[in-house]
Amino acid sequence: MVTKLALLGAGRIGKVHARAIAEDKRAKLVAVADAFPEAANAIAAASGAAVRTIDEIEADKDIDAVIICTPTNTHADLIERFAKAGKAIFCEKPIDLDVARARACLETVRKVGGKVMLGFNRRFDPHFRAVRQAIDDGQIGKVEMVTITSRDPGPPPAEYIKVSGGIFRDMTIHDFDMARFLLGEEVDSVMASASVLVDPKIGELGDYDSASLVLTTKSGRQAMISNSRRASYGYDQRIEVHGSLGSVSAENQRPVSIEIATKDGYTRPPLHDFFMTRYTAAYAAEISAFIDGLENGTPLSPSAEDGLIALALADAAVRAAEQKTSVKVTY
Amino acid sequence: MVTKLALLGAGRIGKVHARAIAEDKRAKLVAVADAFPEAANAIAAASGAAVRTIDEIEADKDIDAVIICTPTNTHADLIERFAKAGKAIFCEKPIDLDVARARACLETVRKVGGKVMLGFNRRFDPHFRAVRQAIDDGQIGKVEMVTITSRDPGPPPAEYIKVSGGIFRDMTIHDFDMARFLLGEEVDSVMASASVLVDPKIGELGDYDSASLVLTTKSGRQAMISNSRRASYGYDQRIEVHGSLGSVSAENQRPVSIEIATKDGYTRPPLHDFFMTRYTAAYAAEISAFIDGLENGTPLSPSAEDGLIALALADAAVRAAEQKTSVKVTY
Amino acid sequence: MVTKLALLGAGRIGKVHARAIAEDKRAKLVAVADAFPEAANAIAAASGAAVRTIDEIEADKDIDAVIICTPTNTHADLIERFAKAGKAIFCEKPIDLDVARARACLETVRKVGGKVMLGFNRRFDPHFRAVRQAIDDGQIGKVEMVTITSRDPGPPPAEYIKVSGGIFRDMTIHDFDMARFLLGEEVDSVMASASVLVDPKIGELGDYDSASLVLTTKSGRQAMISNSRRASYGYDQRIEVHGSLGSVSAENQRPVSIEIATKDGYTRPPLHDFFMTRYTAAYAAEISAFIDGLENGTPLSPSAEDGLIALALADAAVRAAEQKTSVKVTY
Amino acid sequence: MVTKLALLGAGRIGKVHARAIAEDKRAKLVAVADAFPEAANAIAAASGAAVRTIDEIEADKDIDAVIICTPTNTHADLIERFAKAGKAIFCEKPIDLDVARARACLETVRKVGGKVMLGFNRRFDPHFRAVRQAIDDGQIGKVEMVTITSRDPGPPPAEYIKVSGGIFRDMTIHDFDMARFLLGEEVDSVMASASVLVDPKIGELGDYDSASLVLTTKSGRQAMISNSRRASYGYDQRIEVHGSLGSVSAENQRPVSIEIATKDGYTRPPLHDFFMTRYTAAYAAEISAFIDGLENGTPLSPSAEDGLIALALADAAVRAAEQKTSVKVTY
């Protein structure tokens, strides 16, 4: 039996998910909704889905699940609404920029027994998954220290910064989730040093563009995160895990891996310059995992709780950077 | 206007091409033919194409082009037949194992003004293309020496070896084409040292499993090719071009690029172990290039002539290995 | 004119310096002193130096400079004594484990116009120097973030831990100096998370074995340091500097750089497993720089002040780790 | 007891050997001879050796062995003379440019029971040695194919080319020896394609500057050698050995191993640009091995026979390139 899916939000990431669904024989995209008819029409034309309103999708008993790719400030409302409507939910991160709102949303989901998966796509990157697999296989012994380097090719526009919730909730949130994915133990406290080094306009908007964070678990495991809103050489995404028996790391990815040697040295091309090309395989794998979960009735992961915890870590980081102290995380 | 394609041969490689066509909005797979109805049905179900006979496809005026993925010994006949029927042709390599038959086929194609592209997929690998681009951009100056390492994970079954035409026509043929793609000048003579080092059964069938070749152009440019039917560490596919101003190389590809460090050293996973996963992007790009050519009326490349020349180089290699001498190539 | 040197302390590091002096035609080792006659005799035999007491060396007007490689708790006294005696001084780090004592020592040195160079050997590693050179050449623009990974192959014996001054004063002190060498701006505050993950005995001695630190400069530049007393794969010593125009990094060094590919993957040998083989070139270059300074009258660098500041950073780290807060550095 | 050595020839390579002897406590350089007094004096001053004539050295019963670093055309004569004088001999390659002369020289050495080691320094490179060790340890199974890339940074002056004996006897001779070191079986036949691509003047002198060779052993093992007199990116020296269970390779070496990432890509510095800096460790290790052999009475290796065989391979290559055919090697 084919799972019937509806897509809420037909923007950039909506298109990516629509294509992933088209590749998966176990599911079919039957409806798409967007405030901009053109966007919805484009996906409808490519996928064979019907253009519908959100109300219509909510009411349609034939639709099994929704993929929420609408703006962040609609996520919590839509999750609650579709959980109540009995539909499984895949929602892009974050649940909400406000922890209290996110917590309330989760409360509602729990009450109605809703099934929610959160779009932390990086967990599905084949290289990062292989790092986790090596840990699970015991190849590096007990995990002790995680190092995450995460730098964007360039800062987003000011308009985006304004509504982003700040660097920790917008950018580091992926790294918080990745740290948890790798540490094997919950984070107890957060330290952060954050500055404006890339663009003074980001500072004027009350945000940072460069940050170094240290997360510590109860047993003393440590994760370091290095963030910058600018990396001339591309989308810098590395992880390394150090354990009692060794280390495992995932290096950066580039679209083309040649090397040119001249009198000036040996040069390889820059990295991917866009998260969508860097994480192409991850996006496809995460939708496939969502469909897996629906088909087999296995727990959806990463869960809404994972989304809430990452947000709590971001909140702790905000306070840690302001107060220049280690902040205990409250879940 | 959408180009209408038919697929002849619904085997392993046929499926790959069907999927590539499905990804390209400019074309549509409308028909598929195969001696085994199950194979044809599977592709038909996934693509929406109709199952047809070769005769029906030949007679259908609505079909613009065919993709030939049938067994090698049918290629020349089908090329002639569909060239006469006025359809553009994409054909898997080789045209035929016999140079004379391939030459006759080309003669027929020329007479009827047929359009044929040959499936030397490696020319479309993004890394190898980038190597060629670096040469075209003048980054390494004048090309002087090409080195191609091409090793299979393991030998094919004896049944395949018997009908393969021998290692030079079956395996090295890709490297001959790649050498020509990079040398920028036609090959004048071929030297070859070939042995049976991997499996004595291959020798009993009159074939070799290990070969070292040197191709020389008129002006003295040299290409070295190293072939083995076995590489424990995966599908070993490297090229390097040395020029007057420097070198450019494309390294091996692996599905997952992590590194594990322990007391025993630093270990990265083996390479791709299958040509289809190694050259996934290349297969998609070659079908896209075929559709490009049909849409824009630009010359199809690599051409049937390219196929014939690679075959002539393979023939020269056979004689060079037997006679232990340098053999002039006759086109 | 040849510079005449005396060596105080004929242990492991003393031998390394004696050999470096032997390689340099501009200097000659004329005397060596050690509490253990055997150690002094061995160096004397190899170098042609005479075995002398510290008093004799102090009194010898012919000796231009001393190399202090005695135990840490003698450094400050010997520096003061030989500065008063008018001899130039090269002293192994640290000046003292106590900041106040180190500051008093420097005061004395300043009063008598003493010339002191401190043995932060890593500044002379050719790879790290090249990183600094790339920064000085403007290749990565303005420095923003420094990442230092510094892990020992294994923990030192408990006897050593007891007198080491703790991980920050013993091990991280090198990284503090390296961070300063690369940041281009003084450190304003220090954060540290430190734990006992490697060996509980280290904890029983009141020390840590695993630490993650973040240093922040006044303008907001950040340096991250990752320390562990154990790395199964060897002596892990990496630096990376991220700037406005790009990044520069120095990778780990191994004694033998081969790669073995088998069905289990591609394996390179472990790293150097000992700081003396890892930093062979650095030790020679630092003595050469000391002799340079004496010959040319140029300032000795790194200076005793550099030693004091690194110690102050270590003290700040101790407090930061205990109090779980960011600590302002007082010089 | 310390071995007493004399150095014949105080040029560039003589200095390197004198320094290696100075580092080894088991030996002492007692005499040095050179047609140019200045050169001899310089080494004498640095080492404490006496400046002597070749006759004096020959007559001195106290001298155990000689290191021959004089011009090539004197090698055979000096080997014979000092073998007769009962001294052990280390001689730079080649014995002579003429195989017949080299063979006669060996005949004389055999008659008088002389002990001769030939200076194929690359066998002592730690990376290449580790490759051989991996083979000996069975890590790649049975050796099947060897690939040697050997390119000079730039062509030597015309004066040198004239007396060099041609590229095969001058440059490839190192690669012939390395191939034998790795193949584990004697070479049966040689194929060669050689051209003038770098500098027409080299062609005018009757030599080649670019060559691709294939060596084949009796059992069919193959070695490929790629030579060029020019590599803009430095001294290109790589080896790779492919066997039944895997491959082992040694990559290029660079003086400084940093990487700079900018918008233009990731760049590592060029390679060593001089054979003396590339093979520093190898030169020291080969003299150490010579002294080992003298001390322990173990066979000296590589032997004069190894020198003769490499020369025979060079002769075969000359004919192979001229006659464009595979040439059987006669020893």
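Here the chain labels run A, B, C and D in written order, and each chain numbers its own residues starting at 1.
Keep this in mind: contacts are C-beta pairs under 8 Å (C-beta built on N, C-alpha and C of every residue); 3 or more make two chains touch, one makes a residue touch a chain.
Every value quoted in this text rests on a predicted model; they were computed, and no experiment measured them.
Chains making contact with chain A as well as with chain B: C, D. Across the two interfaces under comparison, B-C and A-C, the one joined by more C-beta contacts turns out to be A-C. In this assembly, the chain whose C-alpha centre lies farthest from chain B is C. With each centre defined as the average position of its C-alpha atoms, the distance from chain A to chain C rounds to 42 Å. Distance between chain centres (mean CA atoms), chain B to chain C: 57 Å. Across the assembly, chain D contributes residues 231-233, 245-247, 261-263, 269 that each touch 2 or more other chains. Remark: chain D residues 142, 144-145, 147, 149, 151, 189, 191, 193, 195-198, 210-214, 216, 219-224, 226, 228, 230-233, 236, 242, 244-247, 324-326 touch chain B in the complex.
Interface residues of chain A, counted against chain D in their complex, comprise 232-233, 261-270. Interface residues of chain A, counted against chain B in their complex, comprise 25, 46, 126-127, 130-131, 134, 139-140, 245-251, 253, 255-263, 269.
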